[in-house]
Structures are given as structure tokens and as C-alpha cells.
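Below is one structure; the comments refer to it alone.
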Amino acid sequence: MSTKEDIIWELRSEEVLKSIKQGKRMDGRDLLDYRTLKIETNVSENADGSARAFLGESQSITGVKMIVDKPYPDNPDEGTISVGVELLPLASPTFESGPPKTEAIELSRVVDRGIREAKTLDFKKLSLVAGEKCWVVFIDSYVINHAGNLFDTCSLSSMAALMNCRVPKLEENKIVRGEFEGKLELTNLPILTTFAKIGNQIVVDTSYAEEKAMSARFSIATFEGKKFSALQKGGHGSFTQSEVDHCIDIAFEKGDELRSQLKKFAGGKR
Amino acid sequence: MSTKEDIIWELRSEEVLKSIKQGKRMDGRDLLDYRTLKIETNVSENADGSARAFLGESQSITGVKMIVDKPYPDNPDEGTISVGVELLPLASPTFESGPPKTEAIELSRVVDRGIREAKTLDFKKLSLVAGEKCWVVFIDSYVINHAGNLFDTCSLSSMAALMNCRVPKLEENKIVRGEFEGKLELTNLPILTTFAKIGNQIVVDTSYAEEKAMSARFSIATFEGKKFSALQKGGHGSFTQSEVDHCIDIAFEKGDELRSQLKKFAGGKR
Amino acid sequence: MSTKEDIIWELRSEEVLKSIKQGKRMDGRDLLDYRTLKIETNVSENADGSARAFLGESQSITGVKMIVDKPYPDNPDEGTISVGVELLPLASPTFESGPPKTEAIELSRVVDRGIREAKTLDFKKLSLVAGEKCWVVFIDSYVINHAGNLFDTCSLSSMAALMNCRVPKLEENKIVRGEFEGKLELTNLPILTTFAKIGNQIVVDTSYAEEKAMSARFSIATFEGKKFSALQKGGHGSFTQSEVDHCIDIAFEKGDELRSQLKKFAGGKR
Amino acid sequence: MSNKNNEEPVYVNKQGLRLDGRKVDETRKIKITSGVLPRADGSCYLEWGQNKIIAGVYGPREALPAHTQDPTKANVNFVYRMASFSVPDRKNPKPGRRDIEISKVCGEAFEKTIFLEKFPNAVIDIYVEILDSNAGSRVAAITAASVALADAGIPMRDMVAAVAVGKAGGHILVDLNKDEEDASDAVDMPMAILPSTEEIVLLQMDGVITKDEWTKAIDLGLKACKKVYELQKNALKEKYIQAESSKENKVE
Amino acid sequence: MSNKNNEEPVYVNKQGLRLDGRKVDETRKIKITSGVLPRADGSCYLEWGQNKIIAGVYGPREALPAHTQDPTKANVNFVYRMASFSVPDRKNPKPGRRDIEISKVCGEAFEKTIFLEKFPNAVIDIYVEILDSNAGSRVAAITAASVALADAGIPMRDMVAAVAVGKAGGHILVDLNKDEEDASDAVDMPMAILPSTEEIVLLQMDGVITKDEWTKAIDLGLKACKKVYELQKNALKEKYIQAESSKENKVE
Amino acid sequence: MSNKNNEEPVYVNKQGLRLDGRKVDETRKIKITSGVLPRADGSCYLEWGQNKIIAGVYGPREALPAHTQDPTKANVNFVYRMASFSVPDRKNPKPGRRDIEISKVCGEAFEKTIFLEKFPNAVIDIYVEILDSNAGSRVAAITAASVALADAGIPMRDMVAAVAVGKAGGHILVDLNKDEEDASDAVDMPMAILPSTEEIVLLQMDGVITKDEWTKAIDLGLKACKKVYELQKNALKEKYIQAESSKENKVE
């Protein structure tokens, strides 16, 4: 759309490439450094859990709402989760109003898989009456400033919001507004770590300018016990087997770091 | 779209402005005069109530359908209403086919609020079996000729259609087609009166050309007992407090006039 | 869209016209000759019945899925059918992705009427528990190569898929995946025969180029006992009464021919 | 098309009269008024039995968006819609597949008669809204649209006149009403013709029929269309004559 | 607007205090922070009682698609949306009719104050997201949007300040909260003004009211809007003064 | 991914054979036929176990609407869709979020291998329809699309070959079928490579896995992809050799 913008970003992307070739990033970080993570919780009282994550200037807000619904017929004794990400038009001059585009759908599905497959929530425990009633946990994220690496930003705000979430009180399987029965139980804390290939280098936690220069993206959801629960390659470029090997090792390390920061920020009482 | 049209209307709107500055309207009316109101009822046998309203050359048709549905969980002992307005493409060269646009949505919501808030229908009396079955009264209007002031035109055809409405006969809470149990009971008869600010003047019941010249619009739903149930300002311009004060007084007066005309036209037996 | 394409087809359509005026078709067929019909069945194991029809180079694939649903309130003791046709974008450079366009809607509705009105399926026999449960038979066709006469191609693959269809086994009115209770019973075998008016001639089974040259189209669904169950005229041109008379006679003849071919191809065991 | 009652009614009695007293070749009462919408270029209000229909025509005007333009002729855009209250059960306002199909075949019925080649890159919009219905709304829509087109001064070779014929209780009938359409053997066959040449520009049918029955039906239909044509002409008479003379000057 | 309990609470007690301890003419606590979104041209985070709102402004930039451009002035595109978790029952993310109406009237509230004629063919996009809500979110949205516009350096004749007034339990109140909006006689009247001239640029109302009550309400509303205006100015103070001076150089 | 039976089956028996008799590194039977759709520029019909897939390619052709054109290269538009009857429960024909994500990542898998820079402002449309499915439909789709692209004569640096690897009952397996995907510890890892360089152009995974398991899986996957590549080449052999030589003349 905005062609002047396009030209500016193209110029910046050339600078990024030149700098990264020399092992340096425009903002002075090392290739495998994250920007500063900051988490705020309780950002919405109407949510059952909520958090705002900052990765440098990137910001997303996640709210969790638990509702009572009918279980799926093929899993009558389980509840479920629903993960959504919206790229608000106020977050970037390139985002538009309207139904979610491909970019937002991929983003939300990768965040979803990381959480779902790591069995962060025990779906059996979300059952209320088999075949009749269960909890559905809606985890909805809104990107409010796009300064790169939305995958990790949304993963972090989603996890923080889940850690912040209280279970609404029920009476005869109906929600009693404003009353709660304790915190939502989380089995694992999966965290996305997203890599970018820029030139021949691998970097983490890309800025907006770096994403203009990257050829491919790779996300790994890791959790406790050196396991991972989701992989996703994106972009027109490629990775070699040894590059992915390298990324997996880094992801375990970064995952542990981010997880301990998350616990510090979001683990407080509510 | 149609640029030739645009130019013509711009020229006319300049004439309108000049004339209104001198306290006169292009069609000879005084600033606070309505065009002739005409109401036809029983315009559709398949509707439970129906009416066609003419305000000068503006025309809308409203049909009422009562259906049996489940009440909202938070109001288990109440029925409800649904108000819609469609701007048919045959009514104006500027209306297009397709889902309702912003203009139609605002129009229908203002007509809705006037009726809903004045408690025209007692929602408790629309309950059939608490928590199980209730009446939902659909009040759907179709604008068929746009010659200005669609707010009041649709309000008038909607009220006339409600006054014309018979309650379908029920057997075991299912509708018996073609049989009725008497007229639908209406508690109040709210009427919209819509003002326009053209230059520094306030006029009522604008023509199409006048709406091209107006800077802002103001609608008031008044009903019996000198009360009002909805206000809505629209358009890029503004009103002062004293202008609104003035409008409210006029609205009571016009509301009484239009109400008595409505009763004459629509109040007959069916 | 593709203007180069358009010009090529216009030139071909002129050749077609010239040739047909002389009673000959570009591919050597007589005016009332069909291209070779070929049917393959069992093209999808997940379908309850499936078939692929070839009329010359035109190809469509139909799959039948039987599901258990609630009957319509006004026909509580009947099941029903649903017929859909999708024009896949891989079938022609002119087809686009997205929701069905007018062309596909007309096509599916004509195929539907032929089947529905000939009482191919006895809706009463599709009832399971009156007012509670019934079979809904979904007959979904996908055009995969558009070389003309999609009406007859889709009609043929739909009928072949129905002839190929087995009824899923039920336990307590729930489907047992992968088990069946015998073939779906068909009362009649309606077949569409579609005519085109090109110049002043009537032809059957048009090629893609011939459809560019035709002024109007006429489809007749015939079935056993010299009866017909659907007519549909399309296109900007017209037919005379005697032309339609002629078409009906031909349709009975062609219908019998195609029906016996269908039985040979699709009537085998499954 | 199924009959809820176990006993089928007698669709044509010994006196040759139908359930509502009509003869087999008789249409319901038709009332046509042209020029009812001041904003539209042409319009028509039509009552056909219980059917109540309003039609409005705009154009020829520039076809938009631009990629829809045809440099060789005008497009016809026919939009058939039913008001939510025009049917016994409330209709969802969103147009359904039936609305879309009817719009298509009705639009095609007008392509031959309008001098489309005179208006390259243009569109002629024909909007029809069904306010009340009881069988036969599409042929009523075509009949109304034809009058609205003439009212708009759109140059046409001929009018389009339409009627539905069909079958109920074994009898071939003109202009079936809802009760007749509910017969267990009901056939509905809407048709439209150019009255002066009897060219068939719309023909649909559903229900089961033999060739002999079809021949009887089409004969009755052609005759009925011509009666409809007379009513169309009457409705347009004064206005139309004036419009025609001015059109001749303009378009020839 | 109906009260579920059979006994209505005392909305204003003998000390003249409301359910949450406020006086009748007192707004809830309002906290405004401008410039919170680095990518946006202007932005604002606002808390108004429980309401939490983020506003971002882009523009003036080229209006796209091209057919939306107005050669005489910029368009205002106001988009009001609620996060799914911002309400007691989860909201469907798809914008509803309420969202669309609010977006329209809020956008119109800004047309008079922005120097739109300086930016032909442009659009000014104002995006507001409600993160948490408890009555009065649209006036909070306008208040935040106004600060975001100023933060973006968009030239304006005046700010837009907004508040809702209304009625509960027979009392005319400023800035009703949810409990007050649940009164059986509740009236909700959102309004927005240009503070320096008191011109009313947004006014809506639902509920039943008399002329006398209306006069009382509008008087309280005008006063409250001016207090909101002071808070807006404070939030912008340093930044705004700088922006204003640079703007004068640019746009005059 | 949950198993409905209480007892898990033995996914690999003592003879090293799987439920359907395959070895751990063995794919299901794959049958590839190119050039099956006369209208398409290139096409392929592929059976992979129960999966049945048809792929059609159009282009390079002008990208429309114009604003989607990239003056530096062609766009790849990959559309993955499932026929309503291709799954055990009937699928709603409307594309879902899964379809959209798969279309995105599959399209990206082709960007590196196609000489996109040779076709500015163009689009290459790759349409894939799943007619029958049983685990692994997206890698089958990529495999078919690659053959269809070659059949269309689109100049490519290499083919794209794809396979899914994963885990069931603690065993790392190539090309899981539905029964294996239902294991309680199931892992599904679709991957696609450029066979000559082993560059990974698609990689997804869901399920829980350790680093060691991953290494084992990717090794098996790379080998299996190369076997798929041989089948692709065989299918194209005669036709492809001809196409390649004519392409060299054309595009160099």
C-alpha cells in the first residue's frame, strides 16, 4: 500500500543485512539475544485472566475467558481451548480492519499448537458433565504494536494470561459472575522461540526491520523436560538440517530463560 | 459513483442553502412543516401486520412477523423485538444491493431504540413459557423511494405496521397459519421527529436535496405524556444546547400531530 | 480477465458457427451426438458413494455422504437430499476460488431438481425416527475439467455416485464408521440432457468452444417411463415451442442411452 | 410439493371450476400500475392474486466496477428479492440460492428484447422486491419488470410477458396458486415469452410430466402470456405511447 | 436496562452519595497517557473507572481504495471495537451492528474539529480497542481518540471531550456505571462537545426522560465534559505544546 | 490425537512391522500420473495410500487484481482444499483456518525452487483438491503440486519432495497413517525438501518430542523424501525431459 513506507523499509533491510553479515544487529544486540521482556497482568477485569507482554517495543494483550459449553461428540469427557490472535490495525500501518488474514491465522494456529500439544491444560479436567457440559477456555490475543517477532510476543502474553487465570465459580453449571474458585491449573508452560534466517545467519527475536530482511522463519515451542511441542517453518527461504539442530538447542535455552522470567512476572498472587 | 448526479445535487444543494437562509424552502414549506403523511395498511397478507408510509415522495413499507423462539437466558420471562431497515436499491440511484451498510444500520438502530425504550411492547407479555418459549416480534422495513427523511418515514411505517398487527393463534405453542387471536397490544406510540441543520436554520422533514445541504441531523423519539425515548445526532456538524432545547419542544408538538394522524390511518379495524 | 484467451475463444466461436451452419461440428460429431461417456466409481473411500464422469474431456467427481440429522419441522417423517456443485479453479482458467458463483448455483439447482422431483430417493424411507432423526444425503460434485456441458457431466457423476452409494450402518441412530447396511435404494434414474442453440441449429453435449457460440441452453431431466422431472432454459437467446418439442423427444432417446451406459458402468457390485 | 392432508381435494370440479372458482385457463386477478417510484428511471407496482410486487429500473448507466463493462453491449442486472414478511414463515433477509437462480434466469429473459448493443459499457439494473407471495412470484416479477423497463423508456424489441402453468390432481392448469402447488402430483412450469413472436425466453419446470401433458401446458401458457401482455399494454397505454414516439426519435 | 433484583438499590443516599461513593456530578477516576504505541502516528491509553481503552491514529495518509477519496477533504475513519474478553460474557470477535453504529457517530464527532479540508484525498484512521468495559465505553473511546489525534499532530480547531450523563432511581447522574445502568428507569445519554464553544458533536440517548430531566442532564454533562477536557490537556501538556508549535509552522 | 480404545495397539511388532505391515521407514504405496487435466497448464493425479489428490497449475499469468502484482517477481498462489466427502465426517465446503494455514506453508515451500524473478507481475496458481484422505494429505498435496508444476513447464531449480514422519507408541515412523496418528503419544511432522540440496522448505510438527527423537525422525524423513523424488521423476520422465530441453531454449 504505502509505497513511501516500502522504500524506507527496503533501505533499512539492506542495512540490516550488511550489519548481520558482520555478526552485529542494528540495535547492538548479539544474534541470539532477546529484547527486554516485560509482562503486566490483570489488564482487564472482565477477563478471567489477562496479561500484556512487551518484547522490546512489540506489544500484545491476551485475555482468557472460560465459558461453559457442550463437549465435542467425539470427546464427550473433555473440555477444550480456542486460541485466536488479532492483528489490530493500530499496531502497524500495514494492518487492516476486517476478518483475520492468512498471517494472523498462521500465527494463532502456531501459538495454539504449542499450548495444546504440550498438554498445558488437562482437557479431561475441563469436563464438567460428560457429554453435557465442559469448560471451553478462550485465549484471545490482540497485537497492539508490531515491532517484530509477534509469534513469541503472543505466545508470552498468552501463557502469562493463562498463568493469571482464575476459574469462575459455578452454580448448577452456570457461571456466577465475579466469583472464582481458584487458579486455573497448568501442567506445563510451553514457550515459543522464533528464529529468522537473515543472509546466512540465524537470529532470534527479530525486529520489524529484520523481518523485512529475513528469508525464512522458524518457531519452536519448548517446555519443561527438554521437550518440544510444535515446530513451524515460514517464509520463502529454507533451513538446513544442521541449522534446525542448532535452533532446537538454542530454543531449549531461551525457553528456560523466558519461562523463569514469565514465572517472576506472572506468577504472583491474584 | 454517478458523478453527473453528484454535480446536479451539489448545485441543488446551493439553491437549498440560499433559500433556507431566507427562511423559505424550495417546495414552499415553512421550516417546521412536514410533507403530507399518508399511510396504507394491509400491504402484505403474509405479514401479521403491515403498512406503507408516504412522507411526500418518500416511501417505506414495514411488515411485522411474530415467531415463537427461545427467550434470552438473562431474560427468561420476556419476549423481544427485532427491528431492521433495508435500503432497497430501487429506492435511489445511490443504494446498492448487498448486506446493510452503516447508513442502514444506524437508521434501524434509532428506530429500534425509540420503540424499545418507550416500552411500546410489554416484553413480559410476550413470554409464553418462562425460559422455554416467547414471542419474537420482527419489524422489518424496506425503503422503496428515497426522497429524504428516511428516519421518520421508517418510524411511521413501523408504528403503523405494529398498530396493524394481529397476534397469530397458537396451538401447543406452535403457530396456526392464517388464524389470529386479536390485535397486538401496544402500550405507547413513540414517533421519531428528525431535524436538520442547514446553514444556521433548523428544519424538519428534509427532502433529498435538503439532506445534501445539511450539516447535521437530530432525531427525537417522543411519546405520550411529553416524554422521549431516544435521541440521535448524526452528520459532521454540531448543535448547540439551545438548538436541541428548541428541537425537543417542536418534537413534542410534531409527535402529537403525527400520532393522531397515525391513529386515523392505521387505527381502523383489521 | 485473460483477454488473450477471450480473443482466441471468439475466433474459435466464429469457426464453430460457420461449421454448425453446415450441419457439422468441429470435432466431427453429428449435431445430436454425445461425446464418449466414461464412468469410474469408488473414487473416494471416505465417501459412502463416489464416481467420476467423463464426457469427452469434461470431468466431474461426485461424492455422496449420508449423515443423521433432525428432519424439517414441516416434514417430520421425511429425510432429504442436498445437491451442490463446485467449479474448481483447476478446471478452467476462468474459474476462481471462493464461494459458489451464480453459474455454479444454477447448475447445482438444476441437477438437484432433476433428482428430487423424479423421486429418485424416497424421502419417507430416509426417515429414522419421525420428528427426531433422519438421513440427509449430501451429493457434492466437483468439476475438475471444463470442456463443455457441465450440466450433463455433473448429472451423470451424481447419478453414478448415488448408484454406488452404500447406507452406513447405524447403532442407536449413530453412524458406525466403515460399516454398511447395503446399497442406497433408488426408485428412478433421472438423467439430464442439455441442448444448445447455435445459429439456428440445436446440438447436444456442447464443447467449451460451442458454448462460446451458443445463444441459449436448454436442459431436460428425463427418467424411466418417458417422463421428465425438470426443464431449464438458460442464456440470452430463445427457443420456439417446436424447438422445445423436438428437444423433448431427443431427450427421451438420449436419456435411455445414457441410462443404460450408466447402469453398465456404475451398476456393478461394491 | 407434498400434501399434508390425507385426502386430496378436487382440483377441478364437475363444472370445470377450480378451488378458487377459476377456470383451468384463467389467471388470478392481475393489477398493474406503472410509474410508482419517483426516484427510479422506471417502475411498476403489480398485484397478481395475493402476490404483491414492486419493480424499479435504473439505467442504462455506467457499469461499475469497470471490469464488469462489456464494450459491445449493456449488461442486464436483474435482482429478485423477497421481503422477510412476504412468505408464511419469516424469510432470512440474506439472499438465498433460490433468489440468485431466479435473478439469473429472469435477467436472461430480457437480454433478447432490449437493444443492449446500443449501450456499450453500460448496465441496466432491474430490481424487484416481492412484498407478498402466493405461488408464481417469479413470473409476476418478470411481468412487472417488463412494464418498469418500458416506463423507463428503455428501447425494446418487444415486451416480455410471463405466466406459470402446471398440473394439480391430474389437471393441466394456468397460474397455480399455493393450494394447487401443494398437490401431491404438482408440476410448476414458469415461462416467459416475447408476445409478438412467441419466442420462449424463460422456461423452467419441476415436477413429473409426460410429453402430452407438456404440450397441453405450453399451449395454455402461450395463450395466457398473451392475455398478460394485453394487461401490460393497457397499464402503459398513455404513458407508453408518448414514450415510444420520443424513443423512436432518439434511438433510430 | 432491567434490574434483576426485586428491590431497587438507593442510587443516591441521604448524604448525596452514589453506590460507589461518588457525588451526582462526579465522574469515575480517569487516567490518560498519550504516546503509548511506537508504530502509530499518535496514540493514547485511557482508564475511565473500569474501562480500559487503547487508541491509535494513522494519517493523514492516502485514502485507499481510490474510489473512497474525496478531492475536497480528508475522510475520518473511526473504528470502535471491543476485545472478546472486555465484557462479562465473551464477545464474538466479529464486529456487530452496535460496533458499526458507534464507529459512525464517534467518527462524525471529529469531523468539525479536524482541519479536514487541508488534506484532500486523504484518510485519517482512528482505531480504538476496548480492553475492559463497564458502562460509558464510547465516550471514553472519544476522549482517548481526541488525545491520540493531538499526539499525532493532526491539526484541530479544538479537542473533543465526552461524557455520558443519565438517570437512575429518579436521579440525574454524571457518568453512570454498570450498576446504575441496570436501574429499572435507567437513561443513558452519551455526549461529546468541542469544549471551547460547547458545540455538541455527539448526542445519543436511550431510556425515558422528560424535558426538565433532559435540561438538568445536559447542564451536568457540559460541566463534566470540561473537566474531562482539563484532563486531556494535562495528559498532552508538554508533548502537545511542542507539537502545536511545530504544526503551526507546517500547516499554515 | 487421542486414542478411544483403552488398550493401545502394538505399533511395531517383533518382526519390525507396523499395523499395516510396513517397515518403520516405508511409505505407503504412491502412484503418480501427470497431465491428467486437459484445460490446466499442468496437472497431476496422485494416490498415496488412501489419499487421492488432484493438482492443477495455471500460469505464469497476469496477477489480478493489479494491486497484488509484484514488479520484481511472480507470486505463488497455492490453494489447498478438501472435498466435502474426503473425510470421515462430511466437511463444510467453506475453507477453514486449517485449509488457509496449509495453503500458506505449502505455497512458501515452492518459492525458492521456482524461477519467480523471471516473471514479474505474474502469478502462478497451484490448486490442489483432496478427494480422499487418510493422514499426510498436505505432503501428498505438495508432491502432486511439484509434478503439476513440472508438467506445466514452469522453470524450477529443483523439484519439491515431501513426506510426513512422526511417532506412535514410542516408535519413530515414516508416513503415519490415521491409525498411527491416533496413538496417545502421536507426533506428526510434515516436511518438504529440495532433494538435490536437502534444503528444508517446509517443516511443521505437533505432538511432544525430544531432541533425539527429532534427529531420528528428520534423518528418516530426508531419506523418504528422496524416494518420493524418484517416483516424481519417473512419473515425469518422458514428458519432463522434453519439457526441460524446450524450457532451456525458452528461458535462458
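Annotations for the structure displayed:
Order of writing sets the labels: A, B, C, D, E and F. Residues in every chain begin at 1.
The definition used in the following text is that a residue touches a chain if its C-beta (ideal position, glycine included) is under 8 Å from a C-beta of that chain, and two chains touch if they have at least 3 such contacts.
Because the structure is a prediction, the values reported are computed rather than measured.
Within the contact network of the assembly, the step distance from chain B to chain C comes to 2. In this assembly, the C-alpha centroid of chain B lies 31 Å from the C-alpha centroid of chain D. Rounded to whole angstrom, the centroid-to-centroid distance between chain A and chain D, based on C-alpha atoms, equals 58 Å. If you average the Cα atoms of chain A and of chain B, the two centres end up 48 Å apart.
Shown for chain F are the residues in touch with two or more other chains, of which there are none.
Under the contact definition stated at the top, not a single residue of chain B touches 2 or more other chains. If each chain is drawn as a node and touching chains are joined, the picture is one closed loop, every chain linked to exactly two others. Think of the chains as beads on a loop: from chain B toward chain E, the beads read B, E, A, F, C, D. Remark: chain D residues 1-2, 97-98, 100-101, 103-105, 108, 111-112, 189, 194, 198-211, 214-215, 218, 222 touch chain C in the complex. On chain E, the positions that touch chain A within their shared complex are 37-40, 43, 50, 52, 54-56, 58, 61-62, 64, 79, 81, 83-90, 93-94, 125, 127-129, 131-134. For chain C in complex with chain D, the residues that touch the partner chain are 75, 102, 105-106, 108-109, 113, 116-119, 218, 226-241, 244-245, 248-249, 252.
For chain B in complex with chain D, the touching residues are 1-2, 43-48, 50, 57, 59, 61, 63-65, 67, 84, 86, 88-93, 97, 99, 138, 140, 142, 144-147, 177, 208.
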